[in-house]
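I've put the structures underneath this note.
Both complexes below contain chain A, partnered by chain B and then by chain C.
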Partner chain A sequence: MNDKISKTLAFKLGALLAAMPLTANITPEQRGLEIAVEVDLRDTGFGDTKAEMEMILANRHGEKSQRQMAMRTLEVEGDGDKTLITFDQPRDVKGTAFLSFTHKEGPDDQWLYLPALKRVKRIASNNKSGPFVGSEFAYEDLSSQEVEKYTYKFIRDEEVDGAPFHVIERYPVDRKSGYTRQVVWVDRNRYIVTQIDFYDRKDELLKTLAFEDYQQYLDKFWRADRMMMVNHQTGKQTELLWSDYQFGNDYTSRDFDQRSLQNAR
Partner chain B sequence: MNSDTPEYSTWTERLADRTLRYRWLVIVGTLFFVFGAMMGARNIAFDNSYRIFFSEDNPQLQAFDALQNIYTKDDNAMFVLTAAKDSIYEKDFLEAVQWMTDEAWKLPFTRRVDSITNFQNSVAEGDDLFVDDLVPYDVPLADKELKDIREIALREPALFNRLINDRGYTTGINVTVTFPEKSITEVPEAAAAVRALSAKFQEKFPGISVHTAGVVMMNNAFAESSQLDMMTIMPAMFIAIFIIMAILLRSVFGTLAAGAVIFFTILSAMGMMGWYGINLSPPLASAPTMIMTLAVADSIHILVTFINELRNGRKKREAIIESVRVNFMPVLLTSVTTAIGFMSMNFSDAPPFRHLGNVVATGVMIAWAVSVFFLPAFVSLLPFRIKARSASKANLFDRFVESLVCRRVAYLSGSVAVVVFMAVMIPRLELNDQWVQYFDKGMEFRDHADYAEENLTGMNNFEFSLPAGESGGISNPEYLETLDRFANWYREQADVVQVNTLADVMRRLNMNMHGDDPAYYKIPDNRELAAQYLLLFEFSLPYGLDLNNQINVDKSATRVTVTTKDVPTKELRSLIDRGEAWLVENAPAYMQVKAASPTVMFAHISERNIKSMLGGTFLAVVAISLLLGFALKSSRFGLISLIPNLVPAVLGFGAWSLLYGQVGLSLAMVSGMTLGIVVDDTVHFLSKYLRGRREKGLDGEDAVRYAFQTVGKALVITTIILALGFGILGFSSFQMNSWMGQLTAIVIVFALIADFVLLPAFLLTIDRKKKAQRIEQLDMEPEPIYVRS
Partner chain C sequence: MKTIFEAKKVWWLLGLLSAAPATILASEWSGYLTAEIRAFERSPLDGEQKGGASAAAIFESEFYQEWNDGDQALEFTPYFRIDSHDEERDLIDIRELSYLHVHEDWEFRVGISKVFWGVAESQHLVDTINQTDLVANPDGEDKLGQPMAQAVYVSRYGDFSAFVLPYFRERTFPGREGRLRSIPWVDTDNPIYESSDEDAHVDFAFRWFNVIGDFDIGLHYFRGTSRDPGFIPEGDSSGRAVLRPYYQQMDQVGLDLQYTKEGWLWKLEALGRETSTDRYSAMVGGFEYTIYGLFGSSMDLGLLTEVHLDSRGLAAPTPFNRDVFAGGRLTWNDDADTSLIAGAFYDPDSGSTLGRVEWERRLKNSYKLEIEAQKLTNIDPRDLFFSLRRDSFLQIAISRYY
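Now for the complex of A and B:
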């Protein structure tokens, strides 16, 4: 395992180093990638996590609806993470479990266990830009943010309320993405993302995602307790509240296979 | 100069005298006013949404807003593509559809694009659920695969008769847009982009023809039709008016002077519209033509008297003062009554007509002021060379009056019979507002919408947001079954083109989950199953093609959309009513809702406006009758005047019933509005009649003769001008305006006939009965306030 980590580290450091000597005339693309790599690097090595999530959906009118889920993540070195999401609420989907293997390249693998049918169904679709359980989050917004899924460009450095930020743009590699670009605010001290503006296919501002109440775990890894997504075009919004973050659960890939889906809860 | 000025006995003469003495001040003052008012025109923009026709408290608008708040606030634009080779199921054609679909995503304010190619088709293969574009990006060539695509498309309720039909040579690409509603240029911007894309497509795929339809294009057509009217109707009106004035006045400078009055009046009235904060919408586009027409009537009275006085050998200054003396009060009175008539439109539920009424009322009052102050001052500066000659004594009306006198009872009973017959015709009228048909054939929007209607799908729809009673309740089998039966019931009704419902998605998913077994193309039989299918399906959908536009956030309601042919309002309302009744009979209480949509809003618009205008028209009748009673200084004649004032509207609507058989929104305004205009004829006729009896001591017959001799010709002339002006409006490309113009012209002509036939016949008849005692009494009555000599 250590071996794997060091390999990735070496690759990432290499990428950084390759850019370093040219700091003076480095291209905005290189600078953007550099920042993205740094963000990724600082979150590398968390191993696995487990957390509860509560999703509160609201329409323009203020009508609300709530979903309750639990999410487990297993960090996979050299590829995207594995995630397992189990549903608690609404009642009629309780026990439904969603398993996904993110990949650095190509479509992710996705399965869904339907307790009412007692079967695991593979979702053989390249679509990941659709709304996640009817919310304003797309699956692609929530899935593991691998560096390779975008190309980057550094835009500017700025201060917001006295805190320093890098502002970079990233462009999805997947042509089926719902976005042309995303503008990302990266906290310069902690290298964590605090805000993302999503631009749709006609390059209009579609949504804004704000990460709030970051907590640090294991003295290293930052996780936001609250994520707020606002759709500027429809006026709908979704609030995502995280709780009970647990690291070091000693998950293995056997906890993330099709069989594990059926008794995820 | 001053010492030469004779002492004038009336205040109107003194006023005219002052006006002439300070003529430069009057002219400069007028120019300042016109200029100041014109500055307001900077604020005017084009309103472009069907929504402007509905007030904030319109119940149908509120229902539709409520529905849009639950789901999304959508408008749509549709491209209709027609294949050259008779079939859309060809590789080349499908690639063109794909290209257009991709490009449509980039149109401004687009939120969703639906086409036959990006339809999310679900297929099962063992335990794998494939959800993908119906036509993949590398379009298959093989006949077998193309045939599969065709079969799936024809079977799919969400596509059939919406984006494709069984005729197979057209397909639609529906673009859903959400306007931020921050800027007034959003609609034209979107429409221009839609057209630019059509042009680009046409260039790239010359074999395929493109038509555009949808609400975005309709909204844009409102602005375009206003502009078209401004560019065609207004110039036509200008030319017609100048020709008439040239013929009537036979004086270059007279025509010039009247032209200046009209020009200044329009500029300042439209400028005032800007100061009022009113935007231009199709009804408002007819304001300049109306104001022009009414302004002519004012200035022509003053000019005709002035030129006649010149012909009679008076000096210019004296002729001007005499003209102002004779016309000041009548023109004021007729302007005020006309303004009241137009202001009755404030009772309308449709804001553009309130605005129209106020702008025209403003214009009418400005026209009066400009005619009595600026016009004399301006005329006094112009060199008039008119030969004095004796006025011809021959009267056109003599023979007619003789016949009236001899056969008064026949004329009266004949008139009554005609009025009764026309009144009986009125209830035959049907309310009809088909918004596509608001626009003339020949306008791009109308022609394209008609094409889409004939070759692909319906342009009208209405929606039901059906609650499921509880959070997540849309997965309840009973709910889905009811939804399914409701949709199927509508599908069996005549004129229904397509019904869109979640029930169809559920049936297909259930089939997919059972290995695509057609036996399972039905509603899942338990709630968890349905909810979990939906969850699975939602995980598989791409950006923009989700179900959020059909399901509310709480999953406690879904939206059913019924698309219909463009049928008359009566049929449409019956279709809606029967659907609502079906829900009451067959669905649980929480599902019993009303339909909403722009189509529903237009289906009720005339009725609602007629109801609201009843009050307005009544008030106008009361106000104008009081004013007349006061002006004629006789409550008796104020009451008698009601007959010729109300009869024209009855005759007009009766004739309309015979001509068209249907009425729309704008006609609700006509009775109140025309009342203010037709009353002028009555005022002139009655005041001269009374003057004949009171001042000249004539008996009833001679008084009628006198009235015809003095105002007969003037009334014919103003009627011609007014009928022509509103008749020209009848050529508007926008049905509301054209109908309003036509009916108003008809009413105005009937008004003259009523004043020339019914009114004198009535006066002669009652006169004979009470001849002896009336004369004495009449002599005691004071003369009408403005008829002094």
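Now for the complex of A and C:
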């Protein structure tokens, strides 16, 4: 609740600052935060979602392998979201499930369900920079994007193919992050992220993530049907194709606990 | 009359299934077929054991059907295994045939099922409900299906589970011609039960589980037939020496606890058990530490150490009376999910060592190759593994998943 107020305050403050004459001193840091808060605010209140995800991994020779999973998300007010991912393909990992409680600050809580043993295993969660199921997505790329996880800096406004964008940089607060910075393109009309450039610990360009085919749900929330992650250093890439997005599933925290992790398919 | 009634019910159920709208139904078959070859380093110790490499085929299939977004579900998992050398390794089992009903904070499961308790890696001490299918793999990870009725109440104070277990499953042991067995072998055709109800004794169990911050805590109480048999040496019908498994009644309390902090997992399992002839405690505890992004790669290395203790000391009828386990798990994090697990049990009293290596990798999208080796060295005559001292082996398995 407090967080909600602080978010709203920050937003109002941002709006106020934006309305002031240009002579007033808005630092690029304040302007960057303002944009990040607006992006976050426009996606606040989605409640819960359920979607199917197809992951296509390709190496530099173009050899492909495919994974199929389903993802449920519960928005948690004042903290990071809860997610439950169940695997369907490849078949040898079918039934494996992954439960994650993300937090605005500090490490996430993560559990893995191994169907062969029917075992739930709490796993260490300081692997943020590690690859998620062998893909080019790190855990931190897929976990819920909270304003508090970064500090920000406004870089410039620009037009790409006639469409207006804000370009901001964000710097991970968590020292376990695999990145020094991320350059983020924000669509100025819809306040959605369309591209992220990831810079590694040596500040060299590591990956680019492009969000494509955004669809709007409940007349408010935008979700990309396709995400393309390209690793510039290894030539590998991972494509995520989302389908069957459903909002308003009436999920509660009971749908994201140890028991539901064991029963999930 | 009764059978007709039952048959009617089945038809009614089938009719219901086919009539239900597709949107609330999700049913599917999945499973695998494995071909496995096991080659032993040395010829067998006992002349009755068959020498040479053995081959086995394993087929497991799962049928899953759910209703109302998984609030009701039916699971059926038959399991078949056939072995070239040891007929005791041939098995038809129902690993799962259960119906799940979830109603808000309550869950009910009825049928044959599997339940896992515990946190440790090198031994599953407190994992009590299901019997071990020891011939599937000597590591004891495979379990037989257990008939049960289970009720779970989920609350803010944790999950409370109650189990009624109306039928007992005997442990599987290698037969006369098989390897990796005791000498003399275990005569599974003639078990002895302490209870006059034998395998129809109704067992009960209760468990509480909760997550409190960085701690995952489980406590249980079990009353009924011990899944771990004792052995009584006797002659079989042809006068050959055998060990008859002896299943006692027991009362058991147990704890499993994990503390998770950054890359560290601290683990403890402990139990106290009372039978008509014995009262003892046992524990396994240790840590797992994972180094992520080994040497700047995307590989992870998990380091694992666990200590095993049993209050009965050298007299304990378990190989884990006073042992130390140390091992590592290397995960490639590649698209083939390649992993290598290596570890060894060491008994400081006798110097006996059992080492194990497991490597696996997915091939294409639906095959998996698994290579496993077990090596016993310096086995002391007092050690329970003494009769396995010539049974170090290499196993290669290829599985097709669908």
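A few comments on the model shown:
The definition used in the following text is that the second predicted complex is superposed on the first by the 240 of 265 C-alpha atoms of A that agree within 3 Å, B and C clash if a C-alpha of one lies under 4 Å from a C-alpha of the other, contacts with A are read in each partner's own complex, and residues count from 1 in each chain.
Quick note on the criterion: a contact is a pair of C-beta atoms (placed from the backbone, for glycine too) under 8 Å apart; a residue touches a chain by one contact, two chains touch by 3 or more.
The shown structure was predicted, so the numbers you read here are calculated from the model rather than taken from an experiment.
After alignment on the shared chain A, the placement of chain B and chain C results in a clash.
Contacts of A:246 after superposition on the shared chain: neither chain B nor chain C is touched. In the superposed model, A:202 lies in contact with chain B only, and not with chain C. After overlaying the two complexes on the shared chain, residue contacts for A:96 are found with chain B alone; chain C is out of touch.
Judged by the touch definition given at the top, the superposed model places A:263 against chain C, while chain B stays out of reach. Touch counts on chain A: comparing chain C and chain B, the chain ahead is B.
By the touch criterion defined above, A:60 reaches chain B but does not reach chain C. Shared-chain residue A:177: touches chain B; no touch with chain C. Within the superposed three-chain model, A:233 lies in touch with chain B and out of touch with chain C [touch as defined at top]. Applying the stated contact rule after C-alpha superposition, one finds that A:107 touches chain C and leaves chain B untouched. Judged by the touch definition given at the top, the superposed model places A:215 against neither chain B nor chain C.
Overlay on chain A, chain B versus chain C, candidates 470-478, 488-496, 614-622 or 758-766: the clashing stretch is 470-478. Residues 57, 59, 65, 90-93, 117, 119-127, 129-131, 133-134, 178 of chain A contact both chain B in one complex and chain C in the other. Across the complex, chain A meets chain B through its residues 57-61, 63-65, 87, 90-93, 96, 98, 110, 112, 114-117, 119-127, 129-134, 138-139, 176-179, 201-204, 233-236. Remark: chain A residues 57, 59, 65-66, 89-95, 107, 109, 117-127, 129-131, 133-135, 178, 249, 254, 257-259, 263-265 touch chain C in the complex.
Across the complex, chain B meets chain A through its residues 69-73, 105-111, 120, 125, 127-132, 178, 180, 471-472, 475, 513, 526-533, 535-536, 538-548, 551-555. Taken in their complex, chain C has these residues touching chain A: 26, 30, 32, 64, 66, 69-70, 73, 100, 102, 104-105, 107, 114-116, 118-119, 141, 143, 152, 154, 159, 209, 211, 216, 258, 260, 262-265, 290, 292-293, 298, 300, 332-337, 362, 365-366, 368, 399, 401-402.
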